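Handing you a structure now.
By written order: A, B, C, D and E. Residues from 1 in each chain.
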Amino acid sequence: MVSWTWLLPLAIILSSLIPGLLIFSLKERQEKLRTFLNLTGALVKMALVGVMLYGVSNGVEFRFSLPFLPGGGLLLKGDALSLQFVSLSSVLWLATTVYAIGYLEDSPLRSRFFGYFSLCVSATVGLALAGNLVTFLLFYELLTLATFPLVVHRGTKAALRAGRVYLVYTLAGGAVLLMGVVLLHTEAGTPDFVPGGYLSGMDSEGNFSSTVISGLAGERDFTLTVAFVLLVAGLGVKAALIPLHGWLPQAMVAPAPVSALLHAVAVVKAGVFGLVRVVYDVYGIESVRELHLNQPLLWLAAATIIYGSVRALEQRELKKRLAYSTVSQVSYIALGVALAGPLAATGALAHLVHQGLMKVTLFYCAGNFAETLGVHRIEGMNGIGRRMPLTMAAFTLGALGMIGVPPLAGFISKWYLGLGALEVGQDWVLLILVASALLNAAYFLPLIYRGWFAAPPDEWPEDKRWPALHPLLGETHWMLLLPALFTAVLSLLAGLLAGLDISPLAWGQLIVEREFAP
Amino acid sequence: MPDAEWLFDGTLGILLLVLAGAALHARSLYAAVVMFIALGLMLALTWARLGAPDLALAEAAIGAGVTGALLFSTLYKAGMDRHKRATPNRIALLLPGLAFLLLLTAAWPLPEMHSPLPDQVMAHLKDSGVSHPVTAVLLNFRAWDTLLEVSVVLIALLGVRQLYPSHGEVPTPWPLMLAWGRLLAPLTVIVGGYLLWRGTDAPGGAFQAGTVLAAGGVALRLIGVLPPLGWHQWPVRLLVLAGVLVFVAVAALTAWLGQGWLHYPTGSSKVLILLIELMATASIATTLTLLVVGEKRELRP
Amino acid sequence: MTDWLALLSWVPLLAGAFFFLAGTVGLLRFPDIYSRLHAITKADTLGLGLVTLGLIMRAENWQAVAVMVLIWLLMMGSGATTCQLLARYQQDLEAPDADKEPVHARR
Amino acid sequence: MSTTLFYLAIGIGLWLMGLHGLLATRQSIILVLAINIMSSGTFMVMVALATHSDPVDPVLQALVVTGLVVAVSATALALRLAASRRRRTEDDAT
Amino acid sequence: MNPALLSLLTPLATAILMLLCRSRAAVWTIAASLLSLVAAIAALYQVTTDGSQLIHLGGWESPLAIRFRVTALSALLLAFTALIHLLVGLYAARSRHSQTRNTDYWPLSCFLHASLASLWLSTDLFNWYVILELLGLTAVALVSLAGTKAHRAAFNYLLLSLAASLCYLLGVALLYGRYGVLDSLLLADMLEADHTTRTALLVITLGLMLKAALWPLHLWLPPAHAGAPTAVSALLSALVVKGPLFVLWMLWSQVAPVELGRQAGPAMAAAGVAALVSAGWSACRTPHIKTLVAYSTVAQLGYALLALGMLLRWGVRELHVALWLFVFAHGLAKASMFLAAGEMQSTLGSKKVSALRGATQTVPVAMFAFAVAGGSLIGLPPSGGFLAKWVLLQPLLLEPSHWPWALGVLLGTLASAAYVFRVIALSFDRAPPPRPDYNPDPVAQWLTLLPALLVWGMALGGETLILWMSGVAY
């Protein structure tokens, strides 16, 4: 059992990397083989993740390391936090692959698309499993390179401009992150991520001791603060914090599966996941509070939440509105991390999964509306529920979850965030949560109202029909509908069964227990 | 300075500077080239004055002779268009002035400095195989420099080959030129041979001899007596490559069998040096001739 | 014996210098190229001869004398040939006669 | 002893003249002349330095001989390039 | 026979024999570079086992004779030169388009290899002059292989190279006049910081910066490297530019007095950062592909200059490692980038960058090579360039007073990212209809990818490479 444990993290990455490289070499018309490769890759990854989940839950240590840099090798480590993100990614990768196959039925360059698609997922999984900052940085940069071709996949002028904007932001973010990582490396080397944060366990001379950092030497204190700012700036680009979020709405010009998986789950979550790693496993809660860094991060997150929701209100395009809602929703996680309390942390970690599920569902539905009925703008959604009842139902579930209506998943994470805020004494955060809930309602409810109660137009801009597998699923291509329903049900279950120990909330509590153990 | 020398040095120095200025800022290219050739001769005189006869020979043969011929053939082929005078503005003169002061003050203390190398050369002269110190340094103490330098000449020829130089047709020579050429040719061969042989114990050597022979070769080639030397004929190739080939062979053998790279076995250094000098003279003569008058026909790969 | 010879050698040396001076003045003052060529070759060859004579008087051994005489002969030869070439080139420039193809190649 | 210094000054003067000529003109043949004058300047500095030892320093002389040969081969290549470059401009012109 | 000498002798002998029997077969040059690579690795092994050696040429004692110094670094450089020649030779043999198939490229590239090998080994100041001259002339001959359109660039390159050598020679003359010794190792402990030495070093540095096309004196490089045939521009950018840089590094870090180095350090570092930004900016704006890659060479040399400047300023040992890692990573990456650029230019039939629209469909493998090489130039992990930047950044970020220089590196990274992704972004556009004579050569494109994969392979051995190079004496 112990002997092959080093192989598992590597196998998880390879399970999407190898199919990806094979797909690159496929011709366009070898569609069956491409679909087969994609689906087997996704299923194998799900299985491996399951095995690792079982292993980690009863204490098996998964480590795979390669010598890369003096003092900081390539390290893949399966701990509780990384597994949560890995499981989320693998589940959603399977759903989005099915969706993408249906969505890009006969469009050109699909081999290239799916090749880069699998590269991107392997980068995300690698990033999740990264055991130290250097490996995290490596997969962070590879993620940028892998996602760029997907953003510009359509090859239109708008797509290329969006691609350039995306590159400018993410490459600059990557360079700043590199600076932060090297600065930290000169200060404290690059040891593995330690649940309590390896900086908190060191005294001012930089060697390990059990005492918490009481008074850091002034100069070292300044360096650590600057390093923190650099790291947050680098990660903030992908986590779409306020000044650095410009690329996200523009990247909505990409095809629906790309905006679904990448901009709702992989890329954005990578940034926030990085923030979680930095705050919990690099600096540790005490030293972040010691250096008074959590307060500014808190204000930034709160500002992003409000700003994202306000901008979402004024958008007329459905996907643009969803993009701005992602900007604000992701900052809930940043908010939870910045609060630096156990309850808030649980809420943040749970929201990491909940938001992923709900946002993916919304994007799938938006993709369906656009693909089937050619509806891109909000006005076009009148009475869409009559034409596509199941997709509209899934959309409603996702939207209500986003608003935070009990018993859906969104409510639970907001509930814990609220408790966490009170626990830490930041009462004004409650106001922020309530305000954002109202704003969410303000920009989601009209959509739901238009969908169900408004009168449908006499004829839709487009009206594609596909042979239906089953009379009930006739509204659109089954490969577009099933993933949407699947993720909607998952988000519903995540809310209802929050008490069970396999739910994202329970998993969050498990991580927090290890995090705040000392 | 002894009494009359300052007069000679003063005039020579000023003459050099004036000729250089004239060469750079002459009204026409033709005048510039003529001034440059005069400068070459004056330089040869300066080296003689400064007690470096080897250099005087080399400068006269290479500097004034071969370069002059090259300049005229380029001028002749490319046509003598008017020369736009560079307008020297005031600031441009200030910068060189400052640089001159900087360099002069840097060079000020140098005449008093002493270097151990000349005494060492004299000490080792007897077991270097030749009695003339300059040839000893060139072909024994710093033989590696000379090997690279001979390959520089070869590379220059390879470079010219890529240019596919167009061959301006050589005008039919007058009887006077033919007679003068026929008189000069044997003379250059004798002088070349003499310079080569004397090189071991008096000023002279491979480069000076090679250049004199090249001058003879160019003269013969221009008056049409010498047939075009084709690169495709193997003797020509062998002649051109002889210098580098022998040198590298000697270096390789001494490194492989002998004590070290270019470490001539004791006793046989004189023979080796003479062999290398002979080959170097042949290759320099042929290469310089091809460089000056080499035509597309001859240099065709 | 040698000191009065050294004294005596000043006479040809000065004469040689004078003829060189004359040749140069001729070069500067004469109107066209032919007369200038004439001045240069005639005066300088004579000047050179006198200077060589003066130097021979001061020379120590025969070997130096032989070298100087060789130099003088060569200088005379090349001077004459060059003068011929220049003159013919100039003449061809001014009045190219039809039968002989011109000296300078067509551009 | 001031002879060495005088010729050092002349050498530096020639070197600077060559450099100035190189920067000031656009004519390819004049550029080659400038390079040659610059190299003569450098060689004059070296030969002037060679006079600091009683029998003139043979090492410096050997270096200057090597430098001379390198200078002439480089000049040959430069002039041939100038000729072919100039001919090309003429071919374009005509 | 010392293996290092064998590594030097093989290309020299091959070149002469090829010229003698007028053979233009590529197999000789490739065999010579392979044998030279093996000999270099043997020399490397010999140096690591029993330390660096001093070879007195001709057996004379030290101040008189020219000396070869075989250290770990010079053996590594020998191997690097042979490897690059091997890779570029393979491409030149295969590619139909670049004008190297049956021309004098093969003997000339062997001469280039031999002169570079002798540069890495020699320690004699005047010997460096002759080698730099030989290097310059060979490079000019190679550039003029591309026909009459490259003659103007070759002429300018030759003239500036000659002027630079003469500046260098004047400096050497001043040093010899002052100290009476030509060997750099002996000079190392004789140099005092008086006016003569300062002027001599200034003139030498100007000459070497002009030859290595370091920032303020780099204007001759883009036309020369862009005009040359593809394989030649790869050799020039990857290797020839590094020769004078090696001499500059040797003189300043080993020979020059420390206080002079401390004064010169910041100026060099500032020139390095200026190179990164300004050359990067002109690379973004130039319309031609190969000129873009040539400007990127000038920019990337800025990193080496920055590392050298800071090395002189603080004397931190890691900066030696950073500088030479940059040289190796840049060499491999630039070779691959130039080969890919040349291959794409000839397959798509136009020199313009705009012709690369949709290159991922028309010339996919060459574009991938360009992207991978560009990734290493930017310093994206896990590439050789990233290793070098990682080692460079640490001393820069050690104290807050050094942080402005780290900002310079950041600007450099963004500038290089800008001009690399300018091409990559364009290549993901939709491809125009293919030209009638469009027949890509996949094997040649895979050969352009080879050096790029090697530079990313450097990352695997990253830790051992860095630790070994830190332990080595410089």
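Just so we're on the same page, contacts are C-beta pairs under 8 Å (C-beta built on N, C-alpha and C of every residue); 3 or more make two chains touch, one makes a residue touch a chain.
Since we're looking at a predicted model, the values are computed, not measured.
The minimal number of chain-to-chain contact steps leading from subunit A to subunit C is 3. Using the contact threshold fixed earlier, the set of chains in contact with both subunit C and subunit D is B. Of all chains in the assembly, those touching subunit C and also subunit E are B.
Pairwise, the chains sharing the most contacting C-beta pairs are B-D. Farthest chain from subunit B, judged by C-alpha centroids: A.
Among the chains present, the centre nearest to the common Cα mean is that of E. The most distant chain from subunit D is A, comparing centres defined as mean Cα coordinates.
Look at where the CA atoms of subunit A average out and do the same for subunit E: the two points lie 43 Å apart. Rounded to whole angstrom units, the spacing between the C-alpha centres of subunit B and subunit D is 12.
Spacing of subunit A relative to subunit B, judged by their CA centroids, is 74 angstrom. Centre-to-centre spacing of subunit D and subunit E amounts to 28 Å, using the average Cα coordinate of each chain.
Not a single residue in subunit C touches at least two other chains.
Contact of a single residue of subunit A with at least two other chains is seen at no position. In subunit D, the residues that touch at least two other chains are 15, 18-19, 32, 45, 49, 52, 59, 63, 66, 70, 73-74, 77, 81-82, 84. Contacting chain pairs (ordered by label): A-E, B-C, B-D, B-E, D-E. Those residues of subunit C lying in contact with subunit B across their complex are 74, 77-78, 81, 84-85, 88, 101-105, 107. Note for the complex: subunit B touches subunit D at residues 1, 5, 9, 13, 16-17, 20-21, 23-25, 29, 32-33, 36, 39, 43, 46-47, 50-52, 54-55, 58-59, 62-63, 66-67, 70-71, 73-75, 77-79, 83-84, 86, 88, 92, 96, 99-100, 103-104, 107-108, 110-115, 117-119, 121-122, 133-134, 136-138, 141-142, 145-146, 149, 152-153, 155-157, 159-160, 163-166, 205, 207, 284, 287-288, 291-292. Residue ranges on subunit E touching subunit A, taken from their complex, read 358, 360-361, 375, 378-382, 387, 389-390, 393-394, 397-398, 400, 406, 410, 413-414, 417, 421, 424-425, 428-430, 459-460, 462-464, 466-467, 470.
Within the complex formed with subunit B, the residues of subunit D that make contact are 1-10, 12-21, 23-27, 29-30, 32-34, 36-37, 40, 43-45, 47-53, 55-59, 61-66, 68-77, 79-84, 86-87, 90. On subunit A, the positions that touch subunit E within their shared complex are 66-70, 73-74, 109, 112, 134, 137-138, 141-142, 145, 148-149, 152, 155, 160, 163-164, 167, 171-172, 174-176, 178-179, 182-183, 185-186, 219, 222-223, 226.
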